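One chain, subunit A, appears in both complexes that follow, with subunit B as partner in the first and subunit C in the second.
Our next item is the complex of A and B:
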């Protein structure tokens, strides 16, 4: 299964871009999500958007830390104009086990096709409520609570996951 | 009066509050390091409240700046337990209106058990910021 998650250069004009390559570590997750929040706040000056993307980056970075099978991981944040619309996106890449890929693809398909992501999130909360241990709610939370769209690509054992949303036009750099 | 030990971890604190009604305060960033202490604390809190026959507990989140999905799941498990064991007490989640993420994150908990959970907005817990008339900054989100 493979899905295209890139746009051609002709279709996008990037305003801000950050790429982090790092060894998966629980201790880095909060620092990464804070950096994403600061990046969003610097470019857009909107606390609500900054929080939504901070939460998404945090959940994605935690997943990378939990499930990566090697140290080749990255997280990118991009603010770009795509086909006339300003889009903010967070993209993660990591390799994981075939079993995890099957599980995460099933979850991503369910989230992408959900007519009502909030209803799906509520149902997942009800289903996991009696269970002890891992929440399994992170991706659904990004979709429902963050209001962000998903896209993904699986190539071999590598998962590329993109969460994104349209945002207002960014502030010019250096303006007060 | 709650007889629970306060927990202070790296960037996160859980503290029982003094007062006539049972209340606890969560502050800081509830991320991976907070999951186990939070889970243990909520289980102890439940036992404490049921042993004492309490009818409600307030949870002050005014200075909580972030909560990951695993910590949210700890709340889900706690609320589920209260909701499925006779609803012995009400849970009043007290949010900070200056942090709009809290309502979005906590609304699903109310929908899980509307007869157990209420969401209340509380007065700003950082009066110096309000007096200065400044808006929330990324530093406020971080809790620095």
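Our next item is the complex of A and C:
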């Protein structure tokens, strides 16, 4: 994990934080992404940022719903000042199969190292277009369309995935 | 006369409007996992209608859509593929609301996939605008999140 994601409490000042622990369910995905959108809108009052993170949260929540191998999953959203920069992040944790971990790590490495995430996303669209019923575009879309950075950690069978971006300073709570 | 009808699936509604050789589909609501299959089936029917009625253009208005997941995008990719391959002689115009920048960013990927058959238009603008002139191409060109 990068220093920015895992920095110490002394370097980090959290303005807003929500953690959801839930049993993976398709019925919860839209509600979770809506909550993330509301969280972003409350803190930043920027519809475009809220949409980018809503889309990311939806794609990530769908993934953990599809691929989790047990009922212990979580999604966190945090607005924090990290080393003087306001960062908004969404973090998911879930356990999944070794085969899925190998596949997702390969994809994440490719996305993290991509010089041009849009070119990679376009290539993936071309490659998956002939395949029926397979999207496989969610993570690439978060990077290319959402403009969000990835970080991840794999411990045993648990995958922790973070998407984040620097954002403007949040509105003070309680202001109109 | 089109055989397509207005349909509602969970939080997504699709309404067809036929005017001459142009078919407009107005999508409203949320394109999430509960709407994906229905969207795919509907777009398959649109393909049949394009052939049956020899339509030259399909406009897909997403300006009232609040969320479009990658699985929903996949359905649009599947719909566009025969157009890209020259198997369906028809063009597709995605109608977006530039007041919601995500819509243009999202659909632009499909225009890049099928530049000769797909375009984007702001619902509030007079004419169509092609992607290369109107879209940030790389993530680094996005405004700060």
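The rule we apply is simple: the second predicted complex is superposed on the first by the 171 of 176 C-alpha atoms of A that agree within 3 Å, B and C clash if a C-alpha of one lies under 4 Å from a C-alpha of the other, contacts with A are read in each partner's own complex, and residues count from 1 in each chain.
Just so it is clear, a contact is a pair of C-beta atoms (placed from the backbone, for glycine too) under 8 Å apart; a residue touches a chain by one contact, two chains touch by 3 or more.
Every value quoted in this text rests on a predicted model; they were computed, and no experiment measured them.
Looking at the overlay on subunit A, is there a clash between subunit B and subunit C, or do the two fit?
clash
Between subunit B (first) and subunit C (second), which, if any, makes contact with A:48: first, second, both or neither?
In the superposed model, A:48 contacts both subunit B and subunit C.
Just to be sure I read the superposition right, which of the two partners does A:38 touch: subunit B = first, subunit C = second, or both, or neither?
A:38 sits against subunit B, while subunit C stays out of touch.
Contact-wise, after the overlay, does A:138 reach subunit B, subunit C, both or neither (first, second, both, neither)?
Once the two structures are laid over each other on A, A:138 reaches both partners.
Return first, second, both or neither, reflecting whether A:148 touches subunit B, subunit C, both chains, or no partner chain.
Second partner only, subunit C.
By the touch definition at the top of the document, which applies to A:121: first (subunit B), second (subunit C), both, or neither?
Both partners, subunit B and subunit C.
Is A:93 in contact with subunit B, with subunit C, with both, or with neither (first, second, both, neither)?
neither
So in the superposed three-chain picture, is A:26 touching just subunit B, just subunit C, both, or none of them (first/second/both/neither)?
Both partners.
Can you list the residues of subunit A that meet both subunit B and subunit C?
On subunit A, the overlap between the subunit B and subunit C contacts is residues 26, 29-30, 33, 47-48, 51-52, 54-55, 58-59, 62, 118, 121-122, 125-126, 128-130, 132, 134-135, 137-138, 141, 144-145.
Over in the complex, which subunit A residues touch subunit C? Could you list them?
Touch list, subunit A to subunit C: 26, 29-30, 33, 47-49, 51-55, 58-59, 62, 88, 116-118, 121-122, 125-126, 128-130, 132, 134-135, 137-138, 141, 143-148, 165-168.
Considering the complex alone, what residue numbers of subunit C touch subunit A?
So the residues of subunit C in touch with subunit A come to 11, 30, 32-34, 67, 69-71, 73-74, 77-78, 81, 100-102, 105-106, 109-110, 112-113, 137-140, 142-145.
For a test of understanding, state which residues of subunit A touch subunit B in their complex under the given definition.
26, 29-30, 33-34, 37-38, 41, 47-48, 50-52, 54-55, 58-59, 62, 118, 121-122, 125-126, 128-130, 132, 134-135, 137-138, 141, 144-145
For the complex, which residues does subunit B have touching subunit A?
11, 29, 31-33, 66, 68-70, 72-73, 76-77, 79-80, 100-101, 104-105, 108, 111-112, 136, 138, 141-142
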